[in-house]
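In what follows, structures are represented as structure tokens.
Okay, so subunit A shows up in both of these, paired with subunit B first and subunit C after.
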Partner chain A sequence: MEILDRLVNVALIAATLRTTAPILLVALGGSFTTKAGIFNIGLEGQMLVGAFFAVLGSIWTGSALAGVACGVAAALVFALVFAVLVVSFKANEVVVGLALNILAGGMTISLMKAIFGTRGSIVGHGIVGLPKVQLPGARDLLGSWAPLISGFTPLVYVAFIAVPLLVLCYNRTRLGLYIRVVGEKPEAAEALGISITRVRYIASLLCGLLAGLAGAHLSLGYITMFTENMSSGRGFMAVAILIFSNGDPLKVLAGCLLFGFADAFSLRLQTFGYPSYLVLTVPYVVALVALFALSYRARPRVIAETLESMRKLLSVDKNAEPGGKSPS
Partner chain B sequence: MMKDQLRAVSGQIIAIGVALLMGAIIILMVGESPVRVFMTLLRGAFGDQEKIAGTLLQTTPILICGVAACIGLRGGMFNVGIEGQLFLGGFAAAWVGFAMPLPAGIHTLAALALAVVAGAAWVAIPAYFRARYNTNEVVSTILSNYVAVLLTSYFTIFLFKRPGGWSETPPILPTSYLPEIFTFSRLNWGLVIGLMLAVGAALVFRYTKWGYSVTMVGSAPKFAEYGGVNVKRQGFMVLLLSGAVGGLAGGVETLGVHHRFMEGFAPGFGFDGLIAALLANGSPVATIFTALFFGALRNGSLLLEVDTSASREIITVIQALIILSVSAQVLVRKRGDSRAGERRWKF
Partner chain C sequence: MLSNTPGSPTLHSTAAMAVELTGITKRFGVFVANDGIDLAVRRGEIHAIIGENGAGKTTLMNILFGLLQPDEGSIQLNGEEIVIADPSVAIKAGLGMVHQHFKLVPSLSVADNVFLGMEIRRHGLIDHAAQVARTRELSKRFGLQVDPTERVGLLSVGIEQRIEILKVLVRGARTIILDEPTAVLTPQESRELFQTLRSFVAEGMTVIFISHHLEEVMEVSDTVTVLRNGKKVATRPTAELSKDELVHMMVGREVSFDRRPRASLHGDVVLEVKDLWARDDRLLPALRDASFTVRSGEVVGIAGVAGNGQTELAEVLSGLRPASHGMAWLKGQNLTALSPAAIREAGLAHVPGDRMVRGVDRNASISANILMGRQHRAPWSRGGVLNWNAIGQNAETLIKDFDIRARGPGDAVKRLSGGNIQKVVLAREFTNGADFLLIDQPTRGVDIGAQEAIHDEIMRQRAAGRAILLISVQLDELAALADRILVMFNGRIMGEVAGDDADEERIGMMMAGVAAPELAAETA
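Let's turn to the complex of A and B:
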């Protein structure tokens, strides 16, 4: 009985790691844009095109790796369009992000119909999925706990390894520092001669890279197929995590593990015969509750931030527009 | 002022032209002839009187959702949850329709009233947290869409499924129908409700103190606060009202078109409405025309699926391209004033 309990727990934790990986990848991508001061609601769309083109690339070349590259390339194109409109043209980031999400949904379905003549999903057609990585020695070392570190598809490892890498990037590299300065104190960045435009472009593209990987993982690793709108709100959940984690990689990881657990747990509930429609709402409800609870907890900081930004606004206004802006 | 407006309108039209051009390229990419696709769309939207009525039928929910989005945008709020409010409103209206026998007329009004309440209730929590704790309303309303769609599916399939039916509620009683305008189409008085709402919203924004203060909060919150507006309360009310109108859209769709609630009911109308409102720059009257445009695209796309190899989602692509090119081009025009364009919903 004890052994059974433990096995179930191990399986649940392993399932949690598996469901965490896609949302972790996309949220870490969003961490770059969040840190650079861009609100990127377009993660969902980047992930979706990543998933679609990964499947396409995998079918065309017969190689999963080339598929991943195709997915990343497509997501990068979306990230570039986002950056051009938001950074260079200073268009509204919410409008552009939402429009790109809608574009991604319509485009993938249209292309699916044009290429495969079907609606709904692409299964088979020679899609090559990513192989499962069996770490040698895991079994000997951990025994029945081996599934915790072994037997995942490669991008799961990439996702978890990316967390410390991002921490290093923000704390130890010049690029990370620049990204943080541009996001937190753009005027300081300007005074230091850092090109805000260039840093935000780089952050957007890094975000596209990770969002593309997240998409590729979804359609080639997590499962081996593409379905209409298969990102199913993971990009939006990632944005919710980014809001309350402020883009810090470790907090992002914590948030993603929470969602991964909610996801895995809801999948498990389904097998116990709870109505699937209710069970499927669990991850979204968890995201909403976390968002509300943490913004409630963050309220003093909000006030401090507001004061800070007001002070900033006033001082900037005094310098830039001596007359003040007349309400139009 | 007239000249400004003319320039703004011509700007939108140029942007639409650019977007159609890009759309044409994508249509070529999926292996169809752009001319054929656009002609089919036109024929499908305005080919004969039934097609025109069908276009107006598709316009109705987009228009009402568009007005809902306009109310939010005016007050500086992105209500991206109209889709979810529409679903709940649609379900609430259907429930009154099939479960509560009432005299004709009153029945319709009661169903619409509950739809309004459902829409407002669904947005109430995100609205409260947005107003009180500044919780980002874009994310919270988007996420609540997913919950709304799943929840209404659960209600439909597990609680109120029509015996022997296929994931739909029992049909609503004829006493609750919104009357049809013509005999040859399902076009109904919902369109009139939509038009009245649009004009009414425009009048409120233009001539009432409340409408003025909403616009003020949306465009210059600090100024509005200085002028004595309770910005938090106002933000809450704006989102609530926007959600109420979103719920109404669902009610109209149920009572006027489907006469029942079913899974996958009215997909995408909430987002179409938001896009229509954005293209109209938050003006409810202009939304009438942008909603008509999107309604025509939608109705035309039905024929597209029959007559060409393109899928009807190609119109979603065109809509997204329009918004992208509008967001880019108007800012090119405004580039001199770079700071003004930042972090505002207006293009």
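Let's turn to the complex of A and C:
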């Protein structure tokens, strides 16, 4: 029990929220494209350029907020290129997404070399990180549980507040409704005079906005530095979550919390001296198990129908056993 | 291209007319879908447009709704000339159309679907409660029973149609066009729909509905317009018409009975089908209780308006669709338990109805297309390696035998005409030694010369003792080739007619769903 207490405590939950935030932001961005019927594997690249340009902006201007704005702007440019190629020119979304991911990886490395003359990482150089928000009164209200709501960087709050906002958007606003319709039944949208192209552009840009925030959070909030490929697969994790959540904000939240928890838990396990290679697989094993569990449950209705009619066949008609040879 | 027919509209008649089409002509390439059609629909009536598949009904309605532009002719609504450039113009002018294929969003509620594109909003947010209330009010008023809060994905096709009608009503339609509304409905649902249509008329609205179903036209319409081959045959008040006259006008007298000479060769039963049921892609019963046999040296024809279960029958017999009940034996082997490959092994050759989808690989060469399905057999391959010499020679021989007009066996199939592509399919299917030939629409989209050649080939196969099941929507084709004709309607075999005294009127009646008890040898 003592081990369990040391493993699972307030700090672990707070750590879960922290590790969840970047993946949640990018996954919520992807929710827009998923709902609009675009399979966007370019999230990783958008997040990476967001992280890089946030650092750059913060160094140039000396302001963390301006840094975030720079990161978002860069991610929006990537999202716009993605939308032009995929929506207007009808290019294959997987190919374009992959290409942009590779471009983001290469571009950030060469820009880093060109501007800072280094490879690997940018530390110092006057990067201004986002401040931690200490909510006044949190300690009085929750006592030792205060770290659950207080002391995070601002974009963590943005990530979690975005969840109900997206729910509201999809259920109660015209734009959210149209995004869903365009993704689910484009011919219905077309018949009603809703411009599929326009809606998909808007969804792609909203996605870029949130992916940029996710990137800025990584390099200015989560830690205050930029390293090569620092998104380290979070964009792809988000894609996995989007596939089995179908972009529903609440399911996205659940999936991200699961990954965030596995992430935080594996960090915690490492301090107990378990082999780190094994421990680091935890989030991915969790992902596989979750995917399997969900896809097993969602077997197509047709299979159920067939089983049904076979059962009927066997119970009603005695001649109708499969493999019966002679015609009556 | 658009030119109005000369002569001013007769003003005295237009006042009472909700819709008046004059001289509408629409061509698709060389095919004339609508040929100078005049149609006048009085306000406050139910006007049925009836005709066989391909008669031009849907084209005409799509023109009226602005989905197609006529090459010639003019449109008047309520006595005023109008150019309907796109559906939004039609909707503004008070027209509404319920299409054959519904365009609903499954994850949204009924009310959301009804108001999609014209949401009721309060403070910028969609007001679901108001939409639900308004939907409920409309559904009560016209007897269109739906629960506005339910998700569309969970509902039946009949209810989906009610939602489509509600969509049209919410947009303020006064003239409602329905394209084959009963095709997807159960008889009870159809009856409810008719009641709704009458309630529209009672409120002064106008209904135009397309159908090829005689009974319902007689039951519900005030006026009937019959189309045949893109031309209008007549417009008459329903009360003055009998079913016989209607069939007459629909089918016409131009079915040619150029019957092929034949010797009687009744051999052994090759295919026996018993109590066979199958579902369509929507999981609704599409083939109901079919039972029949095909003997060697016999051509059994399946007649019917397209979409009455013929496709499903062909798919079940070729192993492409599971049977939900019943059995089919090919030379004593139960087909319903076998895979498509095993059925072919058991002795099936299949000429599919859609040759571009299931008949050929359009990008591959003629040789490769003829090879398909036998590539694992000697002499075409040995030890897993294809023998292209033998394959090419065989293709060359078959190109000659089947008179395929191509430059050579290496020609890509997509470069050939429709008729020649069909001959490639026949060349493959008729030479693999199968005893049972399943031939679906062999001459669809094929020119007359090739049609003759294909018919000759089918008769040659019959003479060689093959058992043939010929599915066709063309009555003259069946009359020319079949020894017996089974008529399908709504998934059921309505009756059987001997090929020798094929009578287009009786077949037409059965095709339209009128049972012929004295002929119904096969229906239980």
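We take it that the second predicted complex is superposed on the first by the 292 of 328 C-alpha atoms of A that agree within 3 Å, B and C clash if a C-alpha of one lies under 4 Å from a C-alpha of the other, contacts with A are read in each partner's own complex, and residues count from 1 in each chain.
Everything below uses one rule, namely that a residue touches a chain if its C-beta (ideal position, glycine included) is under 8 Å from a C-beta of that chain, and two chains touch if they have at least 3 such contacts.
Remember, it's a predicted structure, so these values are computed and weren't measured experimentally.
Set against each other, subunit B and subunit C touch different numbers of residues in subunit A, with B touching more. In the superposition on chain A, A:Leu177 makes contact with subunit C only, not with subunit B.
Contact with subunit C, but none with subunit B, is seen for A:Ala188 once the two complexes are overlaid on the shared chain. Residue overlap on subunit A between its contacts with subunit B in one complex and with subunit C in the other: 302, 320, 327-328.
Remark: subunit B residues 26, 29-32, 78, 80, 125, 129, 133-136, 138-140, 142-144, 146-147, 150-151, 153-154, 157-158, 216, 219-220, 222-223, 271, 274-275, 278, 309-311, 313-317, 319-321, 323-324, 327-328, 331-332, 338-339, 341-347 touch subunit A in the complex. Within the complex, the subunit A residues that touch subunit C are 168, 171-174, 177, 180-181, 184-185, 187-188, 191-194, 301-302, 305-306, 309, 312-313, 316-317, 319-320, 322-328.
On the subunit C side of its complex with subunit A, the touching residues are 87-88, 103-108, 112, 116-117, 119, 121, 124-126, 128, 269, 272, 274-275, 279, 283, 322, 324-327, 329, 332-334, 336-337. Contacts from subunit A toward subunit B in the complex involve residues 39, 41, 81, 84-85, 89-96, 98-100, 102-103, 105-107, 109-114, 119, 232-233, 236-237, 239-240, 243, 275, 277-278, 280-281, 284-285, 287-288, 291-292, 295-296, 298-299, 302, 310, 320, 327-328.
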